[in-house]
Structure formats: C-alpha cells, structure tokens
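Here chain A shows up in two complexes: once beside chain B, once beside chain C.
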Partner chain A sequence: MKLANEYSFLNVEYCANGSPCHSVSILPTLKNVLPTWAVSTRVSPIFGIKGLGTASSSTLELRGDWFLTFLGPIHPERILECYQKKWKIWLTLGLFNLLVLNRDNEEKRKLLTWARDGNIECETWTIRNGEVLRVHVTNRKYKKSVSWRREVSKLYNARLAPELTQAVKDYCPVIATALARSEKLPEGLFSDLSDINQFIMDDLGNHDQQSEEGGPYPSLGQLLTIHAGLTRFTSQTFSGTSRIFETECHLRGHSLLGIGVPSIALAHLTEFIQSTLGAARLPERFAALGSVKTNVPDLCELKIREDFWTRDHLGEVELSDEGETSQVPLLSYFSARDGFKSTLTTISAPLSTISSCNSLRWSLLTITHELSHVLIRSILAELYPDLESERSISASLELLEKGTRGATLLEEIQRLLLITIVQIDNVSANRLEPLEIDSETIVILLEQWYREVQEILVHVFDFLYFYGGEIDKYVEGIWVSWGTIPNIKNRIREYVVRTVCTALVNHLERANAEEMARDQVVRCLRRLRKDGTGGAYVKRALKYVADHWEDEILPRVVARKDLVKIVRAFLFSATIATSVRKETTGLGGGEPSEKEGYTLKSGSLELKEISNPFHFLELFTKSKRPSAVESAWMLYVLAFCVNYNDS
Partner chain B sequence: MTVDYIKTLSGLLLDSPSGAIEKEYLLSCHRLKFFNTVGRTNWEVYSYHSPEPLRGEEPDSGSFVYSVVCRRSRSRLLILGSGREIVPYILDKELNQIFNPHLRRVQIAVDPLVKAITMRPGDYVLSFAHARVPAFGVNLRSVSFYGDDLANATFFKDHTALMTFFTCGLRQAIGGTEIVRLSNDGSISFILSEDRVIEVERVLHFLRNEH
Partner chain C sequence: MLTKQQIRKAARLESQVGESRPGFLRDTACALEGPAGVHRSFASTSSNTVRKRVKRNGKTVKVSLAFEQDPETGERRTVRK
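And now, the complex of A and B:
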C-alpha cells in the first residue's frame, strides 16, 4: 500500500439552506475552502493511496448516493482483507484513520460486517447529493471499567487543602473524559492515562499538603501542569471520534478528525524511553553508587586513561526489586507555543512536526533532548546538593575543603561536580584569585550554575544514548532545530560551548582533546553552511569560534570538561545503551546497507514491525524539505508498526 | 535458453495473511513452471522464466531461466533461488501481483535464538554470527564471528549482552558442515541436497517449537 504524492481535504459544514443536516465535500486544497468558510466549517487532511482510487487530489462533490465510512484506529493495510475494486480509500490523521467511500449498499454492508468481526469502531454517513442523510455508528466492544470511575469520584470528593480543591474539581472531568474516550481504543493510551491518574491520586493522597515544606503548592503545580497537558491531549486525540459531528478539534486545520495518529506516534516514543531507560532505573542505579565505599579513587587526580573512567559503573549496579519506585508517567502532546518542552510529567512536541517531521529541521528526534532533561533532572536530585537543606550545604562545603575525599563513589562524584562548578564560575567571572566559599556563596553558585550544569549533562547524555556518538548527526540535529527558533542569537555563545563540550566526549583520552572537538564541530558547521541548512546562527557560530576560541571558548570548555567525564563514566552504561539503541526487527542479513537493512520503504505502508522508534527516526528523517505526505507516513509507522515488547 | 545450476540456495521465509498457500497460486504466475520435487520430499522445484537477467548475464543472451525451490506449509512459503537477487525479484514482480494482501517476510528471532543457544547448549551450535553493537553507535557498528562452536568460547559468551544478532549459521553439535544460515528479516540460505533439505526442515521445526 503506497501513499500518493498528493493529499486533499474533507470538508463538512451545516447545509446552506438552513436545514439541520451537514454538507460534505472533498477538496484538493484548503484554498478552495477558505473563500466560503462558514461558522460551522470543519476540515481535515486526507491522504490518497496509489491504486485505491485516490492517488490524485481533485474536487469530489459526492453527487448521487454514497456511503462514507470512517474506521480505526487500525493499520491501513488491513483494509485489503475486504477491499473491493470500486472503493475509494484515504488515510486520515484522526483515530478514525481510514476513510472508505463506496456506492453500493451490499458493499457497505460487507465492510461493516468485516469491521464488526474485527471489533473495529466505525461511523458511516449515508450521503445524497453531498448531504449527510444518516449517521450509523458501529461501536467497538470493550469492557467498561468501574474502578477508575470510582477512583475519580473519590478524588473529586476528597478533603484536600483549600488551594487544591478547585484544581482537583477542574482536573476530574478532564481525566474522566480522557479515560472514558480512551477506554474503548484497542490498547495503550488508556493504560498511560490510568498511570497518570494513579500518579495524581498517589501524589495527593500520600502527602500532608499543609505540613510539608512548600505547603500544597508543589502538588498544585504538578496538578496544573498535568491538567494543561491533558486538556490539549484530549482535544487533539479524541476529537473526530464518534459522533464526529459532536467532537470538534481546536486545531482548525484538523478540526474534523483531530490528530489521533500523531498522538499515538508521540506516545510510542515516550513509552519506548520509559520501557528502556526508564526501566533501567538510572536514578536508582546512580544513587546506589553511594554504597560503593571501597577502591574509590580521587576523581580529581585520576588520569583519564585509567580503566576506572571506562568501567560500566551503572551497569554493574545490581538493583533489588524491593523498594522499586514506579516511574513517573509522561503525558505527551503537541503544542505550537511550547514546542519541544518537558516537565516532570509532560512532554510536548511542536505542532509543525505533524506536517514536517520528515525534515531535519522539524525532526521528532529532537524530543530525545527533552527526554534526557527528564532523566537528568531525576539524576541531579541525587547528585546536586539540596539548596533547601542545611545539612546538604554543609556537606558540600566539607567536600570542597582542601584534602577532603568523598567517603563513597557518589560523594566523590559530588566533590568533582562542586569543584567543576567553582571552576566554571571562576572562568565566567575572570577571577584569578580563588573565591572564598562559605555557606552563602555556595548557595549562590549552585543556584546560578544549575541550569548550565544540567544542559551540559543533557547534551552529552543525549549524544551518547540517542545519537550513538555520531557528531555529524548530532551537530546537524541540534543546529538545524535551533535554526527554527527566532531571536536566540544572544545564546549562540553558550550553544557553541555546549556543542564543543559534547564533541569532547569522543576525544577525552587525547592530549589535544579540546582542539579536536573544536575542529570536528567546525567541520560539521561548515558543511551545514555549505548545504544552506544551518541558517544565520551557523554563520555566527563559525565566526565566534574563529574570533574567540582562545579567549572565551577554550577556558569555558576546559572548565566544563569534568562534567563531560561524569556523564561518560557515571551516567552512561553500554549495557543500558544497548537496550535503548538496539533494533531487532526488520534487519536484513549481510553487511548493513542503505537504511541499515530496514525493509521499510518511504511512503509504503506494510504490516511490518519495528522495535526501536528512535532508530527508525534516525534512519528516515533525512529531507531538507518538509512534506506532509512523507511526515504522515512516518507518523503512521510510529503509530502502527512499533512493537518494542517483543524485542 | 539455459537453466542455471543450483548449488547454494538463498531466499525468504514468507507468510500469507489470507491463509494457506496452494501450489495453484504459484502456478497462476505464468513465468513459474513446476519441474519436480527434491527427491521424495515435499520440496518443490520450479523454473522461473525471467524477462530480464537477474544474475549479471548479458542482456541479449536469450531468455533467462532460474531454478526456484519452494516448501509450502499452510500459510508459510519458503522460496529459494540460486542467487540472492532472484527471490526478491519474483516476490516484487510476480507474487505481489497474485497475493493481496501481499506475502510478508517472517521475522526470524535470531537474537533470542543465538542468546538461547549460548546460554543453554543443545543439539545445534553456532558456526557463524553477525551482530550489531548498538551501544557504541558509529564507533563500533557491527561484528562477525566464525568458528565451529562460538558459544563454547568465553570471549563470545562474555559479550553477547552488548550485541544484537541478526544473522547466524547453525550446524549440528555432533559435527558436520553448516546446515543453514538464517537472518532476522526472513532470509535463509543453504547448500542444496536431499539430505540437507530434510535437515533444514528439522531446524525450522526446531525454531518454531523452541523459540
């Protein structure tokens, strides 16, 4: 099944004659709709399929009698099990992801019987001369759960701190809608949403919000963040489900059918990370380094060529099932305003990725940076001193005293981090005399450099786990995506330093590591400039490196070098990276060839499984130009072909 | 017209989503002609009359006929030709026109198979293994191992956790040459003989039941 090169729009609005019925038409572009846009107009893109009567986009006014059936969510190739030659079939981006147009009552009946046998939800419109006369819904059979309804009711009636009461009352109908609408879907989304609800229930139930530090506000913040994410997710994903006329999406270009397919695709990306890196329990492993007390070397003095720096410290940690904390669920959604952004419980991708994720500029691979932030924040909770705790601050001061060594490996890593932060500050302030550190200055330093420390750790972490240390891809990925953000030219200096620090991880053992990293980055940036893909920021970055390597960039990179070492030695594990980067399906025999043996072909939708959605993105996000059709194909593969459970 | 001489066979293990694959379905492709069976086995030999050269022959050397060996079992079809190029061509140009939905490659779980043989030695041993090393990205992409019994080498055993195997060769633990080479994407190859096809069938049976 091959996607056609063109796509059309399905357009629905109330009939002009004032009757309560809807008129429906298929139009080749949105341009045809805009001049007559009415209050009730709703549209969604529909994608033609070669050989199934919809390869070219043209106006279809539906004169005479027709049946238009919406089905899904299912892998499109399954429709071939009952396909008849005269049918026209399109793909959509909604949860009703297949659109079948036929004229014959018997054929329509055959389609509905097939759908009923396969337990596929569908909605059929009987159309005469472009007007919808009747709507018939074939519901999917599913088990209606009582338990979540009971839990949400309990939460609604719970006695909470006054600050939380209204927020909970606002949250309950949103999560109830999301759960009720996801409950009848085949699988996946419902359990993700149940986890989110459970997390909220636990968070509100387990704390005494009044007596805890910060009062109820941390929980309130959490709740509001999830509420905001859920509102978007629910509107985007479940709009355009039965009855379609009653479920409108706020994204006007998708107002008829919503964006359920991209939502599932995005959810699969976050679920994959949770099932690999999340399941590896990195923060717990890292915390377990606090139990390593023997043979802990002085990390500030230890030469980089010593074996200790290349041991798989995290992989060697044996975790017991006891005390295993459940993962914080991540709710994913699209947002034009937030773009790529993460919080403890939510992650967003730009809306533009829906029509442009085939291009490097809008690659979904960028989400790995946000996912890395989520993980690094959890690790920093173990590594970074707690600024609210006097004990933690005085322990940090002790670690900074001359001649002190950490009692455990974790403390020794903390000591290295603290010394690095002082170095970073000295370089930043151009300070020649050492700063006198006391309980006040240390808090200021730690507050000031938290973000920068996090960014360096995230960049190197992302580079090692998701980009496999491939600097060309990484530099291209980050600089091309930065090119989409307006007005950030004042950040170019820090971006250059971060990029060189990232490249440094491949050269740590070399005598001239910093220069090697710089040259590698410059080579990549020059290529981007030559290709014309980097935009104005790349030109500025190259000029900055040429003009200020010695006086600004080099001292900053040297000051941050130990952060790079910390990531490679104590946050990266080859064993865990294997689970994140491996692909076990679809690889051919022999040497890796084009697309590394993937048998997937761009634009071709087949019932083939892939086990690693990020590997797929890495191989297929290649275009310089955005294409809605190619992007739809990628979203379909991510939504319907990912199966990481068997790998 | 010349029929190629079959020795090493390579092809694909396929599955039909719409059910059993009958011989008539294959014969509805007019370029495929049934020839005979391999000895007294259920393996069928066909000749395929290709409109174009598939193995680098001169384009003007007449018609191009290739031997094709098939084993059908319910919805499964193992189809092999005398060169790697033949079966993908037949699948694309012929079988995809006959079967709708198209035949699908059967994923062979090579990675779990290699790891199971390494952990629990049994009737078969590994004579070849090719693996990706995903953790190190471009710094180290893939590795290959050759030997009489790879899992018996501690070096191999110690590093399997970091590798994702996608092609392997199997031989019997009691000795002999390699029976068959299997790939993740359903590719299969072996050297043709009546005894060998029986052994290959046994291996596939073993894979289906044990893995």
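And now, the complex of A and C:
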C-alpha cells in the first residue's frame, strides 16, 4: 500500500437549508471552504492511496447515494482483506484512521461484517446528494471497567485542602473522559492513563496536605501539570471518534477527526524509552552509588586516563526489587506553544511535527533531549543537597573543605559537582581570588547554576545514549532544530559552549581535547552553513567561535569539563545504551545490525514491525523540506508498526 | 518514567531552585558580588567588584580554584589551590 503524493480535506457542516442534516464533501484544498466557512464547519486532511481510487486529489461532491465508513484504529493494509474494486480509500490522522467510500449496499454490508468480525470500531454515514441521512455505529467489544469509575468518584468526593478541591473537581471529568474513551481502544493508552490517575490519587491521598511543608501546593502543581497535558491529549486524541458529529477537536485543521494517529505515534516513542532506559532504573542505580564505600578515589585529583573513569559503574550496580519499582508513565501530547518540553510527568512535541516531522528541522528525534531531562532531573535530586535543610547544606559545605573526601562514591560525585559549580561561577565572574562560601552563598550558587548544570548533563547524556556518540548527527540535530526557534540569538553563546562540551566527551583522554572538540563542532557547523540547513544562528555560532574561543569559550568549557566526565563515568552505561540503540527486528526480515537500515520504503505501508522507533526516525528523517504526506507516513509507521515488546 | 517517590523528590528540588525565566538574572556573579541587579553579560570581562550582597552566615569555607594543564597528558582541569 503506497501513499499518494497528494492529500485532500473531508469537509462537514450543517446544511445551509436549516435542516439538522450535515453536508459532506471532499475537497482538494481548503481554499474554496474558507470564504464560506460556517460556525459548524469542520475539516480534516485525508491522504490518498495509490491504486485505491484516491491517488489524485479532486473535488467529490458525493451526488447520488453513497456510504462513507470510518474505521480504526487499524493498520491500513488490513483493509485489503476485504477490499473491493471501485471502493475509494483514504487514510486519516484520526483514531478512525481509514475512510472507505462505496455505493453498493451489499459491499457496505460486507465491509461492516468484516469490521465486526475483526472487532474494529466503525461509523457509517449514509449519504444522498452530499447530505448525511443516517449514521450507523458498530461498536468495538471491550470490557467495561467498574474500578476506575469507582476510584474517580471517590477522588471527586475526597476531603481535601480547599485549593485542591476545585482542581480535583476539574480534573475528574477530564480523566474520566480519557479513561472511558481509551478503554475501548485495542491496547496501551488505557493502562498508561490508569497509572497516571493512580499517581494523582496516591499523591493526593497518601499524605497530609496541610501539615506538609509547602501545604497543598506541590500536589496542586502536579495535578495542574497533568490536568493541562490531559486536556490537550484527550481533545487531540479522542476527537473524531463515535459519534463523530459530537466529538469536535479544537485544532481547527483537524476539527473533524482529531489527531489520534500522531498521538499514538508519540506515545510509542515515549513508551519505548520507558521500556528501555526507564526499565534500567538509572536514578535508582545512581543513588546506589551511595553504598559504594571502598576504593573510592579522589575524583577531583584522579587523572582522566585512570581506568576508574571508564568503568561501567551503573552497569555494576545490582538492583534489588524491594521498595517502589513501578513507574508513572509520561503523558505525551502536542502543543504549538510548548513545543518540545518536558515536566516530571508530561512531555510535549510541537504541533508542527504532525505535518513536518519528515524534515530535519522538525525531527521527532529531538524528543530524546526532553526525555533525557526527565531522567537527569531525578538524578540531580540525588546529587543536590536539600536546600531547605541546614544539615544537608552543612554537609555540602564540609565537602568543600580542603582535604575533605566523600565517604561514598556518590558523595565524591557530589563534591566534584560542588567544586565544578564554583569554578563555573568563577569563570562567569572572571573571579581569580578565592571565593568564601557559607550556607547562604552555597544555596545561591546551587540555585543559579542548576539549569546550566542540568543542560550540560542532558546534552552529553542525550548524545551518548541516543546518538551513539556520533557528533555529526548530533550537531546537525540540535542546531537545525534550534533554527526553528525565533528570538534566541542571545542564547547562541551558551549553545556553543554546550555543543563543545558535548563533543568533548569523545576526546576526554586526549591532549588538547577542547580544541579537538571545537574543531569537530566547527566542521559540522560549516557543513550546515554550506548546506543552507542551519539558518542564521549557525553563522553567528561560527563567528563566535572564531572571535572568542580563547577568552570566553575555552575557560567555560574547561570549567564544565567535570560535568562531562560525570555523565560518561557515572550516568552512562554501555550495556544499558545497547538496549536503547539496538535494532533486533528487520523490516525486510532477517536480523540487521545496529548500523543497517530497514528495507522499508518511504510512503509504503506494510504489515511489518520495527522494534526501535528511534532507529527508524534516524534513518528516515532526512528531508530538508517538510512534507505532510511523508510525515503522515512516518507517523503511521510509528503508530502501527512498532513492536518493542518482542525485542 | 520515574517512580512516585522520584517525582516527589525531583519536584521538591525544582521548587527549591526555582525555574529560570527568560529575561531574569541567571548569572550568579551578580547575586554573589555587587552591584546588585547589574547584569554581568556573558562576554563581560570586568570583575573587580567584591562587595558582598549576601549576608555571611555561620561557617565559611574558602575555595580557591585554578585551571591546570597536566604536563604529561595535556589534560586541562580544575584544581584546588
């Protein structure tokens, strides 16, 4: 099954004659709809398929009698099991991802029988002269759960702090809608949403909101973050499900059928990382370095060529199954405003990726940076002292005393981090004299450099785990995606420093490591400038390196060098990275190695599986120009061909 | 992706460090050494102000650091003086 090069729009609105009927038409462009756009107008893109009567986009006014059936979510090739000549078939981006148009009642009946036998949800419109006369829904059979309904009701009636009460009353209908609508989907989303709801219930129920420090506000913050993500997710994903007329999507270009397919695709990317890096329990492993008390060297003095820096410290940790091991899934959604952004419980991708993710500028690979932020935030919570605890601050001050060593490996890493932060600040202030640090100063230092420390750790972490240390790909990925963000030219200096720090991880043992990292970065940036893919920021970056390497960039990179060392030695594990990077199931059969590509062809949808969605993105996000059709194909592969459970 | 406990712990740290906001001071030098509120740009080279803005409180640790290049390996690093 091959996607056509063109796409059309399915357009629905109330009939102009005032009757309660809807009129429906298929149009090659929205150009003709916009001048007569009505209050009830709803549209969605539909993608033609070569050989199935929809390869070219043209106006279809549906004169005479027709049946228009929406089915899904299913892999589109499955429709070939019952396909009849003369049917017209399109793909959509909604959970009803297949659209079948036919005229014969018997053929329609065959289609519905096939759908019922396969337990596929569908909705059929009987159309005469462009007006929808009847709507028939074939519901998918599924087990309706009582338990979550009981739990949400209990939460709604719970006695909570006043600020929480209203927030919970707003949250409950949203999660109830999300659970009710996801319950009848084939797999995945419902259990994730149930787990997220369980987290909210535990967070609100397990401790006394009034007596805790900060009152109810930390819980309120968590609740509002999840609520905001859930509202978008629910509207985007479950709009355009039965009955279509009653479930409108707020994204006007997708108001008829929603964006369920991109939502599933994004969820699969997130789930893959949760099942690999998440399952490796990196924060627990890192925290376990607090139990390593023997043979802990002085990390501030230990030379980089010592074997200790290249040992797989995380891989050596033996995790126990005691304590809490279940993880809260990240809730993913699209947002034009948030773009690529993560919190501890949610993750978003730009809305533009839906029509442009085939291009380097809008690559979904960028989401690995946000996923890295989630893990690094948790790891920083192990590294940073409790800034509101005198005892914890005092312990950090002691670690800064000359001659003091950490009692455990974790404490040594903490000590190295503290000294690194002081040096980053020294360089920033051009301070040459010793800095006197007390319990207030240390808090200011830790607060102020938290974001920068996090960014350096995230960049190196992302580079090692997701880009396999391939600097060309990494520099291209980050600089091309930064090119899409307006008004950030004042950040170019920090971006250059971060990029050189990232490249530095491959050269740590070498003399003049910083210059080698710089040269690699400059080479990559020059290539981007030559290709015309980097935009204005790349030119500025190159100029900044040329003008200010010695006086600004080099001292900043050297000051941050120990952060790079911390990631490579204590946050990276080659064993764990293998599970993230490897591809075990070839799309063309056989067992291709990590470096091999798929036999998959852009635009072709086949009933084959991929086990690593990021490997797929790496191979197929190549275009300079965004294409809605190519992007739809990629989202379809991510939504319907990913099976990482067998890997 | 994180356990409930990890989320709470990380959220607590984030509430302590605060979220950096565009247009707001991110350079610690301004917080540590006056004149208060004057933004020291990334490219700034002036650093002769030593007036402490923060009130010293309790124990003080003097931290003296320098860059060093290992004569054998060529490695550049931060060392305690």
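The definition used in the following text is that the second predicted complex is superposed on the first by the 635 of 647 C-alpha atoms of A that agree within 3 Å, B and C clash if a C-alpha of one lies under 4 Å from a C-alpha of the other, contacts with A are read in each partner's own complex, and residues count from 1 in each chain.
Just so we're on the same page, contacts are C-beta pairs under 8 Å (C-beta built on N, C-alpha and C of every residue); 3 or more make two chains touch, one makes a residue touch a chain.
Bear in mind the structure is a predicted one, so any value in this text is a computation, not a measurement.
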| item | value |
| --- | --- |
| Residue contacts with chain A in the superposition, chain B compared against chain C | C |
| Touched partner set for A:Thr578, first chain B, second chain C, both or neither | first |
| First (chain B), second (chain C), both or neither touched by A:Arg451 | second |
| Which superposed partner A:Gly469 touches (first chain B, second chain C, both, neither) | first |
| Partner chain in contact with A:Ser147 - chain B first, chain C second, else both or neither | neither |
| Partner chain in contact with A:Glu609 - chain B first, chain C second, else both or neither | first |
| Partner chain(s) touched by A:Thr294 [first = chain B, second = chain C, both, neither] | neither |
| Partner chain(s) touched by A:Leu80 [first = chain B, second = chain C, both, neither] | first |
| Which superposed partner A:Ile419 touches (first chain B, second chain C, both, neither) | second |
| Interface residues, chain A side, partner chain C - complex | 199, 202-203, 214, 218, 221-222, 270, 273-274, 278, 283, 300-301, 303-305, 324-330, 344-345, 371, 374-375, 377-378, 380-382, 384, 386-388, 394, 397, 400-402, 419-420, 422-423, 425-426, 428-441, 444-452, 493-494, 509-514, 548, 551-552, 555, 558-559, 561-562 |
| Contacting residues of chain C [partner chain A, same complex] | 1-18, 20, 26-29, 31-33, 40, 42-47, 50, 54-65, 67, 70, 73-81 |
| Residues of chain B touching chain A in the complex | 17-18, 100-102, 104-105, 107, 109, 111, 130, 132, 134-139, 141-142, 161-164, 166-167, 181, 183-185, 187 |
| Chain A residues within the chain B interface of the complex | 77, 80-81, 83, 464, 467-470, 506, 574-575, 577-578, 580-592, 597, 599, 606-609, 647 |
